[in-house]
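Structures for review follow.
In the two complexes that follow, chain A is the common piece, with chain B as its partner first and chain C second.
Coming up: the complex of A and B.
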């Protein structure tokens, strides 16, 4: 299962989800290619988390399909999970374990064995202070937990990242650090799909942004060859759609 | 590389070790289990020696009585003691309530006495912390306290999604948690295993001990599976805890009482007072063990005099008073046995109905299996009563035979005239050797194993149902 640069890594094809007789997602279509950062932007209740859960194989599409590496997620969930790194809005690793213990444990669950120096290297890469490495996560801030989870994803060498409101609750410095990390991951070939309501953050890191409202895609933006997507343009569309 | 199931189990233990509350509960479980095995073991070991000693003393005391009128020895009576079976150190079963010694005497069947509960005062009643009680009631509660949040915690904290994203199936997660809890359960089971192993050194059959351990092991498996199953179904720790504690109350406390009440209402039995009055009424109609009815007496006399061809009862070569006592005892015993068998049959029917509730609660399945294997069940107690009654009847009738054959009628009827006459109405103490020594042994290992098949099947059925439920849950979730 190699990742070709031309084929979409993540794709929604007429994806619709109905839960409890309520339409949550309606006819979503998008493609994310290898090395791209795709941001799904929307307000509360727009259907962002449902989209993400569908791609994680936790919700089965009512019609259409959610595909990763051209495989329907609902039929290949276990196989595809080996390729996926997921960062929930609030990263919940084990509070009773240290950062290193968490990483070792979750790697072992994924069937991966890493040396201590490789783990240390990943923790350095995400700029987690070495003095915190052996502290239990109950002492960690949200940003530190997120860095730990990203270090875990790096060590898992997951080529595909799903990020759920990744900058929610982070301070400005932590947001900058996180955006840099996402850019680094993308430039190293990772494919990233994030759902967020942070217009500024999305414009900073994403190659493509789609606006989601009431479960439907209502706008698409792509970055120019050089530079970022225009924040004001997206913000205006987001605000207009929100007010509509 | 360790399997993910083992990794999950080991991490759960790491979590417990870092959580003081869980470690405290595990220590409490272990201390309770060890303390119960030691205290019950010591107590029963002491009682076992004491009863053997008392049995010998009772036999010696009976046989060392001086020359007497034989009927006085019928009323002097004799004690029989039931020495506890080796596994009763773990499960004293109904012995705690029924008593293990009986005073045997002429003309009546006494009930067993000196039960553990009977010896206790009101406030200390049910105070004995037996290993069986700890395993059946306390250990499930501790397993709930340790494990109620095993899976729901992962869901509540959001780590469940994270684990599943690592490629671990819910099945493996549940199995890993189950293994962790099972290990905790077996730590609590360890003192019972050691206590049971000691029973082998005291003469208990290995097959019985292994089945005894198997029954308790299955019970731990059931509770561990139940805890993990409920914890998996619930998204909140609080709801998982509430459901499990409710289940514990229903299965361990309420259901056994419903079983007992149902059995009592389905097989009605008269109260002890009613039954005693009925026995007394019939016994008095028969002459109370001393006399026979006038019609029977006339017939008996006539037959004897015809048999020995004499005209007066004083001329008979046997003492008619002994013959009367013997016939009277035989008639009375028939009545007493009829009542006793009826009572035992009612008790057994009630017990058999209550045992069927083992299909509904594993506590009753384990309790039945445990008592059957330990030899502390109702059937064994009934056998003790029957064997004691055989001994009672034999020694009373042997004394009546001595009365009839070794004491002349004239000496007997004149014994209250003066002290010389009284002395003449005695037989030598050599005659007290009629007493057979009493030794009660549990059923054979095969018999006990056969009786434990049904409750063991009930425990296996519980496991099967939980496996099916776990499979269905996996599909639903």
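Coming up: the complex of A and C.
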């Protein structure tokens, strides 16, 4: 299963999800190609996390399909998860383990073996202070935990990244660092889908942004050949949709 | 296989990094040590008592033999020690040895009363119970499993790691299974190591030890499997723990209690006290009855002494021992009913045990340790068999009024616990 640049890596085809007789997602359609950053922007309860969980195979579509590498996720969940690095909104790694131990443990779960220097390199890359590497996560701030989880995602060397509100709770410097990291990952060929309500951050890193409201896509924005998506334009649409 | 072992090692190291797991395992180990040590102490005490009694019994018999030179007196004053020695595994499951007598010093008088006189002891004491290894495995071990494994998934959900684990793990389902397996393995080591050491110290039979280990591990796996299935429910850890504890309570306490009540209500049984009273009344009443009233029923079972029942004095030992035996014959229907009821109760309890893993484990362990009801009944039966041999030895001297010959006494039967097994087959 190789990732070709022409075919979409992630695609939603008339994707609808009904949970407890409530429509959560309605007729979503989008494609994300290799090396692209796709941001799904929406307010609380818009259906962002449900979309992500559907693509992770944790929720089965009611109709339509969620596909990764042209395979329906609900039928190939375990296989496809091996190609996905998932960063949950609230990263709660094991508090009784150090950053390094957490990374080693989770990598081992994924069947990946990394040398100490590779782990150190990833931790450096996410700007986690070396003196913190061998401290237990119980002493970490949310930002530090987030960085640890990002380092884990990098080390997994997965071709696809799912990021759930990745900058929530991070300080502005950490957000900048994170955005740079996302850009680096994308330029190295990774396909990234992130759900967020951070308009500025999304515009900084995404090639495509879709606005999600009440489970429906209500706006699409794409970056020009050079530069970023216009923040003000997205912000205005986001605010207008939110107020509507 | 290597990969599986690596996963096992990873989860074992991971689990041992958790303080609560370490505390639970150490606690389990200490209770196991306590159960094994107190079990060994109890069995050592019983063995020491037997050794002391054997010595005392021998001295006492020699003393009586020096004092009396008549068969009747000798039979009357001589006590014979009977006992059921604890098996090498009895330390692990004290079982019925806590409730029923395992030693009697019997005389050649009416026997049923001698067997059941301790039956009137306060039975409430039996409810106090004992934390032996069988109790640990049957009752407490499920609680350890529940405490350790009820939240294998729920703790990850509550900790916000569940989705990450699910998406990161190459084999998500295997992760939970490996964690459950590690829990069972570490608990097995903590709970079973003291038992293995105890078995080596007591010199238990290897096959029996393996059987007990297999039963113990099966009990742990059974509860771990329940934790695994219940843990799949998307509920909080306290909710899952409540469900599992409810199940434990139902199978460990409610089913056995209701079962015992149902058995009690469905099977009528005389008490040991009834047997003692019936036999004593028959014996005491014989003093005031004509000799024929004793010899007639006696001869029905011992026709060989028909020509020797003529009485030449108002008291003769043959009459005395004949009415002792008639006392037993009078109590025999009650005694048989009592034993039949116990066998039936035991049989029904074995059926109910299939609804209660705790009961099933405990019954299996007491059976292996030979401390179950059947073993204790076999001991009782061995006393009857011995007593019959004793009567068989004395009756010719008493009925034929033979002159006393000390050499003949050397032929007197002595009790051997080795014959308990034979008696078990006759139950």
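The rule we apply is simple: the second predicted complex is superposed on the first by the 244 of 244 C-alpha atoms of A that agree within 3 Å, B and C clash if a C-alpha of one lies under 4 Å from a C-alpha of the other, contacts with A are read in each partner's own complex, and residues count from 1 in each chain.
We adopt the following convention: a residue touches a chain if its C-beta (ideal position, glycine included) is under 8 Å from a C-beta of that chain, and two chains touch if they have at least 3 such contacts.
It should be emphasised that the depicted structure is a prediction, and the values quoted were computed from it without experimental measurement.
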item: Chain A as common anchor, with chain B and chain C clashing or fitting; value: clash
item: Which superposed partner A:92 touches (first chain B, second chain C, both, neither); value: both
item: First (chain B), second (chain C), both or neither touched by A:110; value: both
item: Touching partner for A:56 - first (chain B), second (chain C), both, neither; value: both
item: Overlapping contact positions on chain A, where the chain C interface meets the chain B interface; value: 56, 58, 78, 81-82, 84, 86, 88, 90, 92-94, 96-97, 105-106, 108-111
item: Of chain A, residues touching chain C in the complex; value: 53, 56, 58, 78, 81-82, 84, 86, 88, 90-94, 96-97, 105-106, 108-111, 149, 152, 156, 162
item: Interface residues, chain C side, partner chain A - complex; value: 6, 10, 14, 17-19, 159-161, 163-172, 175
item: Of chain B, residues touching chain A in the complex; value: 1-2, 4, 7-8, 11, 14-15, 18-19, 157-159, 161-169
item: Chain A - residues contacting chain B, complex; value: 56, 58, 78, 81-82, 84-86, 88, 90, 92-97, 105-106, 108-111, 113
